[in-house]
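Here the chain labels run A, B, C, D, E, F, G and H in written order, and each chain numbers its own residues starting at 1.
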């Protein structure tokens, strides 16, 4: 794993630390420790899973968000906070002058040493109401170091719309497809490309859409091969998968 | 309503029958009456709703099916029995020499005075496994007096398949679309035609298809206008709706 | 299809345009294109599916709604916006002086060259609380060019109410039936007429009505033939299906 | 409560028994006690709840059923066993010569001192496939001492059928209404009578009937007043409620 | 049925009215008619089902509620409005000086010729939070002409509480049992009495209580005989059933 | 059971009280009695189930909460109120000067004769958003007389975090594990300890977490042995179980 | 943890083994390793979680079951196989002469060095049909080294039955309560004892019991404190939890 | 797209074919055409989506499977049939001597010109019962041209098992993780690697696992980033996604 991790275990190997101490040190890098060194934490997460810790804002106070953001900014130079509100951004901005806010995506970003944008991910959405989720996916993919192409408003009710983008769907390294209501777009897209499709159901709809459940089931039962699904409205989750795909072999 | 019905009520009007007697006579035409005259019954149903009584076989013995079929055949010359088994057909055939059996559709038909086949209904299905439901719909539409066109194996995973039938979808008077798994085909079809689309989810699929529930929800949430839905695997139900549509104004 | 569409493909045929260009042009008529010509778009949608684009208001700002409405009004002379609020109407009215608002139906309408009202659609509702959905269906049917008859408050708890309208149910070309709670009305209506019944479950009810799910399941399992179902509270969707039925053969 | 119960507690009162002993004696009348005296048990249940213990056959061997039946027959002269099979009846018959078997109701009955049939309960069913449940309800009501009237095949798809029985529905002291598929019949019946309606959903149906769930929800959401619901296919349960109603004040 | 109804049909019999006219007259007594005579309407409902029309307030404006109440008060002298708010009561009070409001029950009542309180219904509730539903049931039972006894806070977690009321449970003619959370109280009560038990699940609870679904399922699956169930939180519905039971044979 | 209970029954034994009187006295200690002696009530509950009555605040007014708290404080010297708001605390504080409020846990506590803190319970939570539930569990365990150890933010996405606490998980007498989203933490913890694990799903999550249902199902299906589950977000319920476990044999 | 585990890590500490080798050794004790030494495996599991590996039979061939059982018998002298069939037992018996089979519990046991039976666990069941689950719980508890007391057929429909066992419920160290249908028994039991209650819903029931879901929800929502729940029909799972509870502090 | 496709459209461009003819030709390559040339079909599918048509056996007769397999074998030299039975294999073998059958995976394979095995996909499963799904995924990945590594029996109940494979999880290009019951394994794996994780819930489990629904929800709600999910038991579907990922950039 990471050098930090190996160093700890080497300390065990060379008698400099007991087994119990080694386990304690690992635990100490958990966010519950009092004297938390976030730089270390983030470093471990980034090495282990490809991208550092991300702030999921709901359930946190603006002050907590700003405080975590400030520490992550100092430690790694990169901050990504999702589902952020305007007031959370104000709190962050008060501490980090170069923070920026993508309002449609509800994402706060700080990038002091931006990751290079590599490869290519297509982000496709069915309707206007799906755009916030598409924007969240795009903004996250961007800061995670992926070149992103957006294709919006190509729902299956008017097939000519998606048929005009077949080239882009085939030349990307991964395709994120976002749709609510009937959730039929990924089935159509996966039949038009040979690239992996990450499908995101949205809660757009009413009545028997059951908050996105209908679209979720549609996507899990897609008759076209090459589709995997993330949680409802989870643009960030789709970005994580697509970014991992796009970085394979880069 | 029917002449029979009006005659009864006229009898009340002209003092030939009490109100209680009139209600009793109406009740007497119910199938639970001991001395049931099926011809009368069927006549009423046919006049009232456009097609006579249909035998739904599950839960009935072969003997019961054959006996009902024989009475309907004598009364109206037309028998339609759905979800029939081979042994049910044998029992019917023993009594009605000119009965025929569509094995894929699981439908028994007797037609002594066939209804004229009018108008045009397109029956479209997504995959091979959806064919029994498509055949049930087609066979029922046929005996109900509709000209039927079949379009099979045009699932959305290969869009070129359905795109090759746009002309047929637009020239029909009603379109029945049958699909399991993701149930996405009606959304695509309804965007290609201006005719009413009757969508039939099928129980084809596995895992999170939940016996057709996924396809049912997809269709209820279709993003294209002009779609209404019947019960899972209910080819007969779709035929009833499409036949009523096709006969409007004929 | 439409002349516009055929013209494009003819351009391919006569060498004036490459295949890729043709597909791109089709895509360019999608609403995501920057230089969107809504008139063209609407023209295509209307030709392809029988009625132009409709504005579904939820998730759009009042400004967006007014802007889209203005462009549709200029292009086709007909605007239909559903689930509209009072403030959305104010925004539209500021731009389109002849816009009108049906408050119970929550529908904004502009009609400069009204479609002729043809045929006949009966809109039947069970209880007072179902009226907004019935009004949405009626208002949409009206602007789509259908003669509409309303029958309200005829729930099955007092059967004499619906029995008094049998004539109207039989003389219409299509019947829309709207009910919440137990959703039993379509089963009764479909047994009284030979016309296609489009059933709309509403979210009226409480407890185990589960936001309209109970009524939806009732309608999908209706024991009377000739019923197809649209999504919960979807008066607009029912209007689309009924209008397509009513225009068949007109 | 019963004399037996009071006797025990009187024994406590007069010092003949400790509190712990009294509780132990009560426990000893439970069927898990080794030296079980079924006559006593049944006597208590009958006094406490209006009818003695009933044998629910599923999950019991034929021998167990026969053995319990024999003991109940000796103790009280009345045996009622529900959901019985042909082989269970054979086992019972071998021990109790005067046992009888209602095959459609799947009910075994022994009646040596029949309860007088009092009052009046109407048992109404919608379709042929609902008859086994209606027969279970009728057979149980009969042995529980109720006069029963059957009204079958009066589903709402043909309203004239139920309208012909309004008199019977109004003159009964309780009405049991049994229906599968859309489960709409209780809503109609409760609007035609002023008597309590016990609704029984059946598992008759397919697709989105979900084994009777659709009918269950319909009945719980009935728009007509005066309906209460028992479990799916639970003819016995409906009989218990209706018998209690019918015996009130007798 | 009622004299009004019979008079109409007699008019048919004696040639004074055509069949179509008779049906129209029946329809004219529906609340959708413009010149609605509520006295006639209520009279019919009361005769047919045992109690006149009840105003369910949600979805109606305060003005509508007050207007309907005024007409019902004039026609029959009895008004019952459920799920009423303080402002709805203010509107009613402005028109009907003798209207009263039970705030816990959320019920508005006007009684100019009170029905005699007959028989006996026990209303039993498990916890404090179930009291509003118990009060709705009690208030409705009262105005419907039933003598009511309340037993509150006797949940099964402390069995001695319900055991102290066995006498009352056995001497009532009907027992309404109201419980949320685990919904176990009806099972215990039905084992202690020989009277019919009307069980009302409430939405009291959290997490996996799913808004009362858990309690509803518990009650439908009760292991004690003699229980029937109404919709979640439906105190009014339980009152309708219990009142019908209590009036049988009175 | 308790002395109070035994005294009552002894009174029956020695003829000082009739059976009916004994049952009435038991009933009189229910909270619905007008002249409620809460000290008696609490005393019985505490003796019978190990801890006195707890105030669940939702659905009660601030005044009611304060009044009950004051009576419990006088009677037993211990008050525990869960899901309390700031204003409820203000009301309690006005009557009980030594009441304290744990804001994260939403718990009001009064302890005049604190129970000794015995044994050891570990309270483990997966993420920051699960902390309110963990705090409720901890605060309740504390006042119920348990020594509590907290381990927070040890979700399975970074396994090293929980692995650093194996010693604490094995030395506790009971382990409460709290997790939302995927609810996977109890499965991991139960594989690392030989102590009983009480799992608490939380409603933390979105989309297909369905308000905690996903985590609930995960925990019920845990592949590691030794896990039992309480209701969603039910920190208090987990504390009750863990406290009972921890007090066994103490 | 165990000596084996500590020895491995000590080897790292003293330089005898690299970190990678240590992790590999741990992995080698997984059952997927080719040269699997089951004795080692079981030893680790037993030390880590309190009881060795248990064979869950479904999905394994008789030969596989017999082979695993033989290895476990050699290694630890204790075998526990759940959900076993008669033929699986025959296969095991052919290899292990002293294996025994509890047919009602469907459990195969080999005990060469039986664990001492300590403490006390009460296993309580509601009805006859719940006995197989109760027997599985009892048999597993027995071989895991717990003294077990059985209390059967004490469903809440006849409260006197469970009231006669209050002493046993209070003197046990843990109580397992098993119930299907309404699942109400744990709520009653937990109100009668101060010991932890492990509730097991069973799939006994029909209709809206949904295979045990109704009982599961009842138990999760129990209004009495001190209850935690395991999966439907999971007698083994309840035994694991109860055994852990019973062994705390022994 | 493919040359075949481009040739058709070029024919339109150069006037050799009308637009209608071009669409008809495309439709003619659908499997519903009478004179179907499967080689052409497969060629199109392979070019468009990366792998040719796969035979899903359920719902097809053995003869149909053998006939389709023979045509695919002639056309492309590669056959993959999933969910095959022994008798289906016998039918295929009779026509294709070099067909082979992986019984655990239930997969029939013919490979005359095997695709080169490139990259690396790790297939990880939690328990023995998950092996058939893991084998289906592995067998499909193999024939689709991927190098596959299997890691079995590493469920989270014994964490040391999966921790011993961290290196393999990090060096693969894609990871497929298969788990039933609690479905917790993907959450753990995704926290240990930076590669995309394709999670497959299985129907392994009982009670509240609801046929895999519990595991499905767990995976959709995974707290670790980088996971996407396919349908329950869908090893083939996971292989399609993982193969597309593994081939990106190869």
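By our rule, a residue touches a chain if its C-beta (ideal position, glycine included) is under 8 Å from a C-beta of that chain, and two chains touch if they have at least 3 such contacts.
Remember, predicted model here, so these are calculated numbers, not experimental data.
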Quiz item: Among the chains, which has its CA centre at the largest distance from subunit H's?
Solution: E
Self-check item: From subunit A, the most remote chain by mean C-alpha position
Solution: D
Practice problem: Can you spot which option in A-B, C-D or B-D is basically B-H again, with over half of the contact pairs the same by residue number? | Solution: B-D
Quiz prompt | Whole-Å gap between the CA centroids of subunit E and subunit F | solution = 38
Self-check item: Chain centre separation (subunit A, subunit H; CA means) in Å
Solution: 26
Practice problem: Quick one: which residues in subunit E touch 2 or more of the other chains? | Solution: 48, 158, 163, 166, 190-192, 207-209, 213, 216, 220-221, 224-225, 231
Quiz item: Which positions of subunit A touch subunit B when the two form their complex?
Solution: 126-127, 155-159, 163, 181-184, 187-188, 190-192, 205, 207-210, 213-215, 217-225
Quiz item: Mind pulling up the subunit H residues that touch subunit G in the complex?
Solution: 128-129, 151-154, 158, 160-161, 163-167, 204, 206-209
Self-check item: subunit F residues within the subunit E interface of the complex
Solution: 20, 23-24, 26-32, 44-45, 48, 58-60, 201, 203, 211-213, 216, 231-234
Exercise. Note which residues of subunit E are touching subunit D in the complex, please.
Key: 1, 48-51, 54, 119, 166, 170, 173-174, 190-199, 216, 220-221, 224-231, 237-238, 240-241, 244-250
